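To start, the structure under review is shown below, and the notes come after it.
We just call them A, B, C and D in the order they show up, numbering each chain from 1.
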């Protein structure tokens, strides 16, 4: 690798980016499909970089909690893989869908097997697998507990107002669950399965916490991050490959193109990026583009990847 | 990076893999949609690794020519980007299609704009761009000339029997061309445009030549490979991102998952993999799986990526 | 019209057909998607013709009750039109769907508005309209009450075993309901709406009762049948047009082609045909073809239409 | 039938309608996809009724020629059925498509077999059948000759300016032809097949001529119209059933609903309606609705069917 910044230089870079983002005019629109998410100020911007060792480097609103939404799909996937191993892939595919994140069309053509675990129906099957296989006491809290452990912060919790909002508006996800049940790919009660899914989507975390909680994906068996997640380097690689292929909804290809790193975004405005062998980067700003990805978070990640020379390509 | 093999060790690895592949029983099926491709023996296997500097390392049938087929889409894309720059993306997308390589459905829903340049309609638009923008004398031979230059071998040529076979059976591709013309996304005569496309698909090259011809994508501005292609490091990165997202047809996600490198496959049985900062790897065996990717070439690339620790994840 | 049979001649025709059908070997397969429907003997065959005046003419098992299933969609539509008038068409279309009866794909492309009231999602919207607009006491029984009134038989009832079977296996219909609710086209609770829908599908009636209950569609403002249904000749015509276009699932065109009359079939094996200005014909046999229409009932209707010269074409 | 108007009364009705249509303000838009069709004045309106016997009754511009466009698909179908009989249905279906008239999506899902002969790909297969089976001299003129014979007017001819316009803009139809050829459902050269198709679409006829040329479909083996077409009453019935199901593009159900008769429309603004046992009705006005059916012709047919009590429902 041609050059590598030290911690001080990275900190300067993050401060510079956060400063510049504060002045950006085109900030996108907050998600409007969940009423509770629509109340957040567009002015927020936070960023955190977690190298493989040591504490994360922070700038802007990096310590403010936000709704992690679809980023939770990564944690859910790891929990489910831990419970059932590679048999998970019999029920969820590993390919980009080519359709919007909540499309039901692909499900019909492919008999209820979602294309990948990062679109809604795939994450709902993952929730079903967790509920069917976790020990009783852990069922509903498994993903939250995992986030707390990874981020080393027992205070992380579900935002109950967001959760209530998800429950109140989640009919499309319920349709997906009933549809997959009709095709034999959901075993539990769809109401309980979608509740589990809504709950994990409603977890609130900060950039700082998310960076700590995802750097195990970059560890390749090394660094202080390694081991805590209980995930083998090989499994981490495979999750990274999947994030690269389909972590950012429909335009995952465009994101791979711009950032050059495996990423996972959420409609709360957060995006996680994994730089294998280097560390994790998390940016957050609530304004989304028309595909559901945060405008400023994506812009910031593109710049960080370029300046740190962390693109895998 | 944890370890790195020297040239002798890489050569041993390739010899070992080639030896093992000779004994493989499950070799897939040769492509049957082009009669001329169906005549090739399933027994072939070749592999070549081209580090950023020096000659390539070879094993098995690495010097035997085969039909590069869709691998030519990478060369066509580079030629067209060189001619028209980023305006190319107004006419071709950069996302996985989620549909088979020759599907016309996506084209209808998206008004004649192909999802990416590595599916047939995308490559046909690329051919149209080349024909509309190259100087007269170079139009039909632009991609072939580029391959000769990159591989430093003026003997590389079009397999006329394969070309005749493509012309004789290419009605689906002609349908795609007329359809896109109706939507305003093909400017030239569809017969000429598809002829250009068939011609580039029919170029015959060996693993050795292909490895030399693609290592510029791994160069990141360094090594003897750099410069020859006239492609900036940034453009090479972007092409790599696209190969990662959609280089191997429908199961590109699965390939990213298994190999961990940007790859481009062809129904002639070849697959090119790019390891950014390290070099290129090309494997070839004519037997395909049901998605159109070579069974043994994919297996060999997976192993090389693992043993050389070249996965980007 | 070139000729017209009298009641005695029609009776002879029906007896002859019923006799011949008893010996048919190719009888199709009983519906297997609802366990309770799978227990019925393939040997049944019944037929009834109800001219505009007088009692119906019967043959075979014309007095045996069977599950009317999708035939109930006609009665549901009439009840809903009576409640809300032509505003119904703001929420349900009037076109053939070109897709199987329970497809969710069309719903996604057309934002939750079903193509017509004779496919499952359309009938579910109709149930929602009835529940939202009928007086409290009549909500759940409105369709059953209407059938009793039309057939002049208060004994007609819901087959509770079939209903329980529908409830136990109805996840795909629940998916449709939740999906349409997400798009704003279902107002009530999806569980209650689908229960209403399952209940009307589970009504059991005989050929004789169904012929009496549907001949108002043929009345054109005349005959003893007229008036009882409270449906204007114009509305009856429009329902007939819809049955012609989409009354027999996917192959409605083929049925129009063969029978030449507006028809509505159900997976219980019954098919209702309306001969405008002449009367109604109902045939029943539990064995279905691969499209879900009764093999022998369709055959019998084709013959009756031909022999009575009742085809509208 | 409750009442029947005599010739004088029908003439008065047509005069009244033509008079009223002259004052209509909302006349739709002329077809713009073929440049040559866009030059026609929106002010035209013609109507003709041809009872089973005697000359047709005319009003407005009933003697002005216009481009029959898709109405020609009925004549092409009859010619092809005469040549190859029911084997035609092995290559073309008999169901509504649920998709726009020139959609290629359905073709892909159903392996190159068009849903019916009244959508473009279906009519192109019909042209292929005619070219493969007609005697040499008649190939290109078979449909035109048939129109001349039916209308008893040897002056009927192809509008060469419209034909040239079709040829110049027909790439989508060429795409359909190449696509079906790739699937084995076109045998001839796609350029010749589409030329045949464009030629039949470009035939120019008046309401008067079209009414004479289509009343054989209403004859049921009687009247002076019968016999001339060489079509059995049974075949005529089947064509009528098909026109009812899919004669007016996407909204065929809505047209069946409003007019109550088998109809076939063309983007030249003409619509033919067949009243079995009574006669034919043809109306023409160049302004189309957004589905491609003439606004005023449809309105006029609706009124004629109502006033003559000719609806089959």
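One rule holds for everything that comes next: contacts are C-beta pairs under 8 Å (C-beta built on N, C-alpha and C of every residue); 3 or more make two chains touch, one makes a residue touch a chain.
These numbers were taken from a predicted model, which means no experiment stands behind them.
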Minimum number of chain-to-chain touching steps separating chain B from chain C: 2
Interface residue overlap between copies chain A and chain B, same or different (over half shared): same
Approximate Å spacing (C-alpha centroids) for the pair chain B, chain D: 49
Euclidean distance of C-alpha centroids - chain C vs chain D, Å: 32
Junction residues of chain B - those touching two or more other chains: none
Chains grouped in pairs wherever the two touch, ordered by label: A-B, A-C, B-D, C-D
Contact set on chain D toward chain B in their complex: 103-105, 107-109, 171-172, 174-179, 181-182, 190
Footprint of chain C on chain D - complex, ascending: 1-2, 93-99, 106, 115-116, 220, 236-238, 240-242, 244-246, 250-254, 256-257, 260, 262, 276-277, 311-313
